[in-house]
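So, here come the structures, one by one.
Look for chain A in each of the two complexes below; its partner is chain B in the first and chain C in the second.
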Partner chain A sequence: MITSRIRRRRKSSERVGSESLMLPGHRMPRIRRRRKPVAGATTQGLISSSDWNRPSVKWGVGAVHALLLVGLVVIGLGPLLWLAKATITPTQDIISNPMAIFPHGATWNNVREAWSPQSVHVGLYIWNTVVICFGSWLVQLTVATTGGYALSVLRPKYARVVTGMLLMTLFLPAVVLLVPLYIMVVNPPLIHHSFINSYWAVWLPAGASSFNVIIMKRFFDNLPRELFEAARIDGAGPVRLFFSVVLPMSKPILGVVSVFAVIAEWKNFLWPFLVLQDASKQPISVRLPAIAGQTELGVLLAAMFIACIVPIVGFLFFQRSFLRGSGLGGAIKG
Partner chain B sequence: MNTVDLTASETRRVGVRHRRHHTPVTWVRGGGLTTLLFALPLLLIFGVFSWYPMVRTVIISIQKTNLITYTWVGLDNFRTVIHDPLFPIAVKNTAYFALLALIFGYPVPLVAGVLMSELRRLRGLYAVLAYLPVVIPPVVAVLLWKTFYDGSSTGVFNTILGWVHLGPYYWLSSQQMAMPALVLESTWANAGATVIIYLAALIGVNSELYEAASVDGASLWRKVWHITMPQLRGVMLVTLILQLIGTAQVFLEPYLFTGGGPNYKTLTVLLLIFNYAFGNSLGGDYGSATALSLMLAGFLAVFSLVYLRATRSWSTE
Partner chain C sequence: MAAIEFQGVSKVFSDGTRAVDLLDLKVDEAEFMVLVGPSGCGKTTALRMVAGLEEISEGTILIGGDVVNDISPKERDIAMVFQNYALYPHMSVADNLGFGLKLRKVRRSERRQRVRRAAETLGLEPYLDRKPRALSGGQRQRVAMGRAIVREPSAFLMDEPLSNLDAKLRVQVRAEIHSLQRASGVTTIYVTHDQTEAMTMGDRIAVLRDGALQQVDTPERVYQRPANQFVAGFIGSPAMNIVNARLTRANRSLVASFGDHSLEVDNELVAERPALLAYEGKDVVLGIRPEDLEDAAFIAEVRPGRTLEGVCSLREALGSEELLHFPVAAEANEGVPIGPLEGKYAMLLARVDPQSKMREGDRLRLVADTKRLHFFDPATGRAIYGDQRQVPGRES
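After this line comes the complex of A and B, so read on.
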């Protein structure tokens, strides 16, 4: 009976595996991969090696290279570079001659003013954002790992129903839940204590991300079943199996889910805007539009630049997880 | 010691006897409780913050409420929305936004993805550059572009266009240009994510097909048209529907750029929902807001189903 169950699990894991998008250890997702890609630099793309020897192709590719680089730098990086420049330019110069580079010298005044507790106090809001991101990350990771583990490895009878309901929520536009969630935070059933201005109102709903649970479940589905059986035979219970076998093997997907959880929360505006009405508790994304009207342009731009630093540095640091996860996003939804 | 042993063997016997009946004891002993404990965070969080609110949405849409009293009003909320003169405007604007975003935003990531995948050197750098706008907080992106769109002759875009003797344009305060301006920013902010999806898909394209085509003497364009595109078809269809679903829910751009103006030219469905529920300082019309959000969700669901049905044969061909 046990062997038949193992066989059944093997079979289903193979089935999932054959259409799987990501196996542990892969550096990039291979979407709809049909055959083993040829490894190394010999991989042939659109342009064959004989093509490469033709001067017209060589020049053409060079031109495309240059165009793409210039285009991406100007379009992708340009606005950010302008923001960085404006951060240390006096407001008067930004307004009167926005494209000139420091016509009357650079100054740290904007940054000082943006950082000052008497003025914008951007540090406080960055800190609030960090607190919000950390709590949301913790809730999301807890729900996704334990839930994914229960659905993929432990597989109770209700797993199928729960997975179906998760898939249903995956396709549900978030706006549908906006009003009932807001009402629940203002006037929760049973508790009768408003959670407006409480970080729990942001942390807990963040956990209800079916995307996280589903990619976690798919990853667990692809872990080798033999290993679980071996651990069970060695006497490991489900708790031990989770902490000592499954989690350590899931570092890549934990990385992907983590960077996306943090960045999504850093970018979030509408929900924290609705539930965190106390200015001293708001994250930077909510605070910036609120002060935009009454703040000197240079100071506002400095605050905006400071708000970008953490996500950009985080992205450059964890770019592999980001780019892998982004490719995965299209694949999972498809 | 003895008694402990006895109870243990007793429960085991009970367990064996009742295995077929699935009593709570057999359930716990079979690991059911541990499993449930693992599933509990998921069930609680989704139950409270996803599944229950889903049901609640439907209920609120047929109620009138001030958060203290709830009265049943049947389909009145839906009638209110449909008879609101702003409703057709919002629908039209949202469709316009989606259309413009499709024209501006759909081909760009595709072309960029195909080009980038061909360039072996610096591909990583290109991917990072393309993705950079995606990690910037959208609020910052919108406020930054709002500065760029400054309508005076010394605005950033007007200065640049002034170099080639164009403008100055009013951008956000112009009825014709406001919406395209919003779409332009939104495309800038989101295209990078789609580029990465294409790039990931292109890595999976079978290189042997290219080799075979080269041997047969196929030109570059024929290879793009007959190998790259067909292999990307599935992903292209997915990104298209994802983009349409995303643009149908555009909120931040109209809310922060224009607040729906000028003259309701950028009022979108989501902004209207927000205005129903939270735009009025006297208290929200939550019924109308949920009614409209349900109509939007229903439309998107039907649209997606029809789309998937219509493209199924084409995508798996």
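After this line comes the complex of A and C, so read on.
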């Protein structure tokens, strides 16, 4: 996103530059421009800026772009829009004529039914999901940041071995770990008290993500060492260094890991399904398939729509802080 | 304020390189000591050992008389200015300045006051609320300086703090740092590879090469009486001309000849450096600073035995001076830029009056100041003085 912005800016300034170079009434021969592009000209992918000026290229590529965009919208947004439509369409209409738009008018009944505590009670399960997501997010961030910090900044002698072992676990498919993990949750070492039917059963295993630790470590590796040294001379110990220097500088990567963590947990089905057998504790992702058989289609679709819309709204809300670089310029060099 | 002392300090990295080799150096209280040398000479490593960022492999370092080998950086009461500033990007200028005080549990009111005072000294008051990214290079450099002075430490350690500034700003900040240090009287170790910075700022300068100390002295003495060929070639810009020569006696004076040139060594110089007499009939390494060669047209009375002739191959006019390059048929010694005529010719450089009419291809007649020739032993590279005041230093 940032690079595209820069590219856009550079492109516009270049355009101004090349125009101001030309005297009024004096058009540079096109052929020459193509052979000798403006210094520092950026190319848009395979097509150079001078090629963009040819009508055939401009219209041809423009049409392809438009088609691609429409295609992506249909594929990406289509199902969601259909779901939104179905949410406020009576079940009869959804079944008899799925693609028709409100043949017998719209209704909020489905939504009301889905929300009602007597019926589906979507609110409770969404709340469960939020609790699960928040806990897993917290555990994941704690493990990832402290782990990455230890391996990248504190760097004990055995850090390389640990990093290698972490990398190795990336090659293990998650499904393989299901049974051992389940056994461990049923009878955790040291604690010897089953986590089944408690949110800890979802939260704690979420932290064991070597992927998160490794991307954190990679990010910390790229932070300038001099800053840590400056902080040490200023009198910061390892804990102070972590909270006052490393974490505030890591906002971009914290955002990325958070998005991954929350999305993964929001749609996680298998693990919560295995460890949360108590229906009142289940997240929406587990609950909806469970009630699919005995619920009216319109109500189910309404519940699904609510389940979809929450993370989308959340993402739009937090998007800026996630995706915006937190502006680390000025740390080093001039 | 504290003296800093290196006692036989060495640094051996895990791959076996000796970055610093048995360094003995005492930086007096309130002194501005410059460590200078080419890149990779161990000057930064030496500084980092004082800061506590690098472990000391051998020897001891004392700050204010206390051995600090096993003391953590924060307890050494030193402040460091880094080459690339190392400002905390997420903190405002005021927070950057105050961070060290905050960690040292200085009360908020006092902290604010000291930050303000430091900002005043450095002209940073208008920028206290800004983030480092909103500052120019020179301002960032000043914040880095401010972070050091606000702590009022017993020593400043500076690691090439000017190397990221442009030439003009560098001269300005150089003067600022210099006067700041004078005013505060804080012991300072300043690392640089730039001999101009070393010459202008240091009370004394320590020249290092391959981890070994070559010479420690005031800038004037290092320039006028370099301990060895390396120091002679390193200090001074443009660098000293160095050629292999032979000392012989003609009439009553010593003559240094190289190729088909010969220069009569002034008797005053011989009196000053009696050891030269022992080199009669032997090979020596002759050094002539470019500024000690002048266009004969500007010398009123040209005495014989003092001129060098050659053909100008390149002229660099700098306005205030003019540099003339000319090859002479002589064996070049190391440290001399060798042109296309490598081997048989040494390229010499003369810094002459800017009014000189000499151009490329002209026949040059240059007069050497034979009172200011430098001689080195070809085997050891040591300067030949022969008085008892031989400057301490290691052989190169």
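Some observations on this one:
The rule we apply is simple: the second predicted complex is superposed on the first by the 265 of 334 C-alpha atoms of A that agree within 3 Å, B and C clash if a C-alpha of one lies under 4 Å from a C-alpha of the other, contacts with A are read in each partner's own complex, and residues count from 1 in each chain.
Definition applied: a residue touches a chain if its C-beta (ideal position, glycine included) is under 8 Å from a C-beta of that chain, and two chains touch if they have at least 3 such contacts.
Note that the structure is predicted; figures quoted are calculated from it, not measured.
By the touch criterion stated above, A:235 is placed in contact with chain C alone, chain B being left untouched. In the superposition on chain A, contact is made by A:95 with chain B only, not with chain C. Once the two complexes are laid over each other on the shared chain, residue contacts for A:150 go to chain B alone; chain C is not touched.
In the superposed model, more residues of chain A are touched by B than by the other of chain B and chain C.
Touch criterion met: A:68 reaches chain B, while chain C stays clear of it. Applying the stated contact rule after C-alpha superposition, one finds that A:122 touches neither chain B nor chain C.
When the shared chain is aligned, chain B comes close enough to touch A:80, but chain C does not. With the contact threshold set out at the top, residues 237, 326-331, 333-334 of chain A are in contact with chain B in one structure and with chain C in the other. Residues 31-32, 34-36, 38-43, 45-46, 48-54, 56-57, 60, 65, 67, 112, 114-120, 122, 124, 126-141, 143-145, 147-148, 150, 154-156, 159-160, 188, 192-194, 196-197, 199-201, 203-204, 206-208, 210-211, 214, 220, 223-224, 227-228, 231, 234-235, 237-239, 242, 245, 248-249, 251-252, 256, 270, 273-274, 277-278, 284, 286, 289-290, 293-294, 296-297, 300-301, 304 of chain B touch chain A in their complex. Across the complex, chain B is touched by residues 28-35, 37-38, 41, 43-48, 50-51, 57, 61, 64-65, 68-69, 72-73, 75-77, 79-80, 82-83, 86, 95-99, 139, 142-143, 146-147, 149-151, 154, 156, 158, 162, 165-166, 169, 171-184, 186-187, 204-205, 207-208, 210, 213, 237-239, 242, 263, 266-267, 269-270, 274, 284-286, 288-289, 292, 297, 300-301, 304, 307-308, 311-312, 314-316, 319, 322-323, 326-331, 333-334 of chain A. Residues of chain C touching chain A in their complex: 51-53, 72-74, 78-80, 82-91, 99-100, 103-104, 131-138, 140-141, 147, 151, 164-165. Chain A contributes residues 224, 226-227, 229-237, 240, 244-245, 248-249, 326-334 to its touches with chain C in the complex.
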